[in-house]
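Both complexes below contain subunit A, partnered by subunit B and then by subunit C.
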Partner chain A sequence: MDFNVLIQNVFNGLAVGGVYAIFALGYTLVFSILGIINFAHGAVFTLGAYFTYAFLGARFGFNGLLANQQLPFGVPFPLATLFGGLAAGVISVLIERVAFRPLRNRGADPLLTLVSSLGVAVAIVNVIQYLVGAEAYSYPSLTISLGIPPSVMLGGERPIVIRTVQIIIFSVSMVVLVLLTYFINYTKVGKALQAVAEDQITSRLLGINTDRLIVVTFFVSGFVGGIAGTLVGLSVSITGPYFGIAFGLKGLAVIVLGGLGSVPGAVLGGLVIGLGEALVPAQYVGYKDAIAFAVLFIVLLVRPRGILGRTLVQKV
Partner chain B sequence: MNVLEINNLSVSYGAVQALIGVSLYVQRGEIVALIGANGAGKSTLLRTISRLIKPKSGEIRYMGEDVLAMRADTVVRKGVAHVPEGRRVLARLSVEDNLLLGAYTRSNRPKIRENLERQYRRFPRLRERRTQLAGTLSGGEQQMLAIARALMSEPQLLLLDEPSLGLAPIIVRDIFQIIRELNADGVTMLLVEQNAQLALQNAQRGYVLEAGSVILDGKGSDLVDDARVRKAYLG
Partner chain C sequence: MEDFIKQYGFLIIQMTFAAMLGLSMYLPLMAGQLSLASAGFYAIGGYIAAVMSTTVFAVPRGAPFPIEHLLMEMLVAGVVSAILAVIVGVPSLRLRGIYLALATIALVEIVRVVSLNLEITGGAIGIFGIPQPFNDKFSYGYIAFPMLLISAFFAYRLERSRIGRAFVSIREDELAAAAMGVNPTYYKVLSFVMGAVLAGMVGAVSAHFLNTWNSRQGTFDASVLYLAFVIIGGSRTFVGPIMGGLLLTALPEVLRALANTPDLFAAPVAKFLSDGRWIVYGVLIVIGTIFFPQGLITPSLFKWRPLKRWGLGRAKPALKEETA
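So, the complex of A and B:
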């Protein structure tokens, strides 16, 4: 690999890793509060991407109930991304209502929730297909809509070319990461979330409305998931209703690699897998996914709790 | 005036009857002790007051208001704080974060700061360890933290579940010293203890719970001398 290509690939890896990180944080938030994996998270990611498409005022394709439909208005891409994220957050809250809360209130085994969230994921995929068909959608080019150059060049003689989209993806991921970290560690609600994550009974005794905080958690989780979906859609395209499923699996690898329930672990895991994939030599690129899971497997052999997974806190 | 009034309260866990027709009251400014053997239902009573458990029947009134119509967080907001059995500090958060979360239902920041300062004055150990993770504190320090955290919500009524549990006698003495001071400052308390002697000596009145029912009640000093209490709980 020559140096320029290496730098490009590293940048590529950072961009992809950043998206992995924010997407995986969606899993992590829910996991740390409820102790379960929300399998519908990948579907929320998909929905976020479609919502953004709709908010741009773009027209849907030839299949499905919404064929040839479009919103009577469109907003610029940054706003559409934000709205797409908010809408995904709302959907995520609805999923909590439908698939999580009823089971929790009846004191069901958390494993059952796993299955019900998987069911919701399948249903969402089908609804998407019913509404807008199975075809791929691409966002209108940012070069045209926002007048952004398709790539930037760094350096003089043999410049390093970086796609602008990658810079955007990386920057947006980092902004989301910083905001999320601030929210969790430095706000009152964030501290309360940590309390609920550690001990729901004690949290209730302190006057924390745990049900409301669970709703907040699902909203934030869906919001970052939806943003991640938009960013990946921007980088390639929305490949169809199954868009988020493979990505969802990758997200699972990320959180397991970083350490289940660990926020810095999700970030580190995302960057490690993103970079790892980007550095796979071109002739082996077809094995990219296998390599991500191979890395995961080896790390787990050495550190069964993941890179930053905490050893269980001793109860007094 | 009764701060707390419980009438005919029954609670069960599935088929297990934990409380059967319990009635008691706590007046403003009192320390009321609730004693009884393992499994008598003491913690169940406190958890029911804090709305962690739904009772089968009965009535709970706090300052005349129907507690069973409130959510758990509303009970705290109205002025009832609960120091749970086994302390349950938030081990992965700092001492100061634990204290600040105690004031979760309060929103007046200057007052919260003032209250934090008051707790640090009362428990200088906690000030020294304010940035330390609560899980790394000793048992006695954790108990102090649990009490201080409860006080951060500025309660009118403090529910204490076995504050002496698992602590060395000298630490127990400190904790009860603090309980007396708090009471002198006007905090009303319902104190659950297995250490019957200590509890009754420090309480104005007491109730004895056995297998989910109140079998005796009276002045603390009378109960300490009661033959049945002596035989069953004081050895």
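So, the complex of A and C:
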């Protein structure tokens, strides 16, 4: 592979990997607290992208109930992304209320909670399809609206070309990562989250309101999921209501690779899988979508607790 | 009657397949293992039948396809599914927790991506013109109905055998089962393989039935749908997934019929019933898990206590002898 192409692919991989990382963090946060994988996370990711589209004041297509509708106002892209994330966070909290809390209060089998989150995912994806149709949407071009060049050249004679969008995506995901790490490690709520993840009953005895913290967890998880959705939509386009499902399944591979419940593991796993996909040789590009799942198999075989995961202690 | 079969014969066969696919999800669940692989094995079985019947067993166009060749394909599909299930099951089932669910999702996705790219599976277009052993679709009942009966009988006997009880003991408490001498990994893999074989064989018949096979058969969505059969039908007895498969496959047709009945519903409701049936499925799964965690059909339904059901009978005096 040509050196220039290699560098470009590495940059692409980092941008995609950064998004995988923040998306997978949403799974990880919920998993570390509840020990359950929230299958609705992929649907929240999709919702985030659609919300951002709506907040931009853009018009919806020709199919579905909301055909040709648009919000009476539009906000600039950075603000729309933020609003989209917040709206996705609110939906995520609602999902917790409807599909998680009733089962948790009854002390139900975690398997049932998993199934009910799958049900929520199916319902949300199809509500989206019902409302705005199955067609692809793309955001108005950022580079034109912000007046920046579509790509950056590095080097002189044979420059390395990098899409500006990739740089934006990578920087935004890094900022989100830093904020999230700060939130988890240095704020009171974050420390309470870690305590609840360690031992829910003891932390409740010590005066931590676990139910409220679970709501916070779902909100943060939905927020970062929604922002990840917008970033992916920015990079390619919103390819339809199902685009979060495929992404959500890859996110599972990311968290298993990093180690279930490990925050730095999710980041590392995201970057590794992003880079792995970007470095697939051109003639095998059709198999790119299988990379994450092949990695998942290998991890299960070789090191089931993931790169940075802790060994699970079997409790009776 | 003839008109009814003409209109609904296709649907009835589909319902039979769905019941068996529900059963194939139920088998691993008996041992407490969530597998989402049935769709993957269904796709693999279908590809095996499609490739074999258009190459090795190819018949001239329009000629009937010999049934013994179809049975042979089902056998191959079952064996391949079993081998693959062992390969996937052993690494993920020696662990406790949700690893099987993750590994099976990976399997389904890998099958989809690989079949999209391989030449032998016809790429994105798939395989067309799979030869037909029967003249009409309803005749597939000669294969599908006995298959359903045999697999239902198998599940019925399984539930009352040593192996079935070992499955249930792992579902209830894996550590306790291990302490009692049940080898959890062995029985978990066994339950997973049983489900895989059934799904693979159904796929083989289904490929002939549908006449064409491509990578849209057996996706993650399909897995979730089969899971809904079990969760809504009931996951505590084999009757649950069978009923779930039959009813939920008929549901869209019923909804469509309701939607098409003039003056029964206002236009928006009718439109929702026909376009929004997947929303209904999703909501049903959530409601089912929260309010009917055992599904609609529970083992207690089969205990014949007509008086007690109406609050007239008395509870069995089970402790009488001990207190005396």
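Here is the rule we go by: the second predicted complex is superposed on the first by the 311 of 316 C-alpha atoms of A that agree within 3 Å, B and C clash if a C-alpha of one lies under 4 Å from a C-alpha of the other, contacts with A are read in each partner's own complex, and residues count from 1 in each chain.
In the analysis below, a contact is a pair of C-beta atoms (placed from the backbone, for glycine too) under 8 Å apart; a residue touches a chain by one contact, two chains touch by 3 or more.
Predicted model only: the values in this text are computed from it and were never measured.
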Can A:112 be said to touch subunit B (first), subunit C (second), both, or neither? second
In the superposed arrangement, which partner chain does A:167 touch: subunit B (first), subunit C (second), both, or neither? neither
Which of subunit B and subunit C A:120 touches, first, second, both or neither: second
Regarding the shared-chain residue A:66, is it in contact with subunit B (first), subunit C (second), both, or neither? neither
With both complexes overlaid on chain A, does A:296 touch subunit B (first), subunit C (second), both or neither? second
Who wins on subunit A residues touched, subunit B or subunit C? C
Applying the document's definition of touch, where does A:256 land relative to subunit B and subunit C: first, second, both, or neither? second
For subunit A, which residues lie in the overlap of the subunit B contacts and the subunit C contacts? 314, 316
Residue ranges of subunit A in contact with subunit C within the complex: 37, 98-99, 102-103, 108-116, 118-127, 129-130, 245-246, 249, 252-253, 256, 286-287, 289-290, 293-294, 296-297, 300-301, 304, 312, 314, 316
Per the contact definition, I'd like the list of subunit B residues that touch subunit A in the complex. 50-52, 71-73, 75-77, 81-82, 84, 86-88, 90-93, 97, 100-102, 104-105, 135, 139, 142, 149, 153
Touching residues (chain side subunit A, partner subunit B) in the complex: 188, 191-192, 194-195, 198-199, 201-202, 204-209, 313-314, 316
Tell me, which parts of subunit C touch subunit A in their complex? 32, 34, 88, 91-92, 95-99, 101-103, 105-107, 109-110, 113-114, 116-117, 175, 220-221, 224, 227-228, 231, 272, 275-276, 278-279, 281-286, 288-290, 293
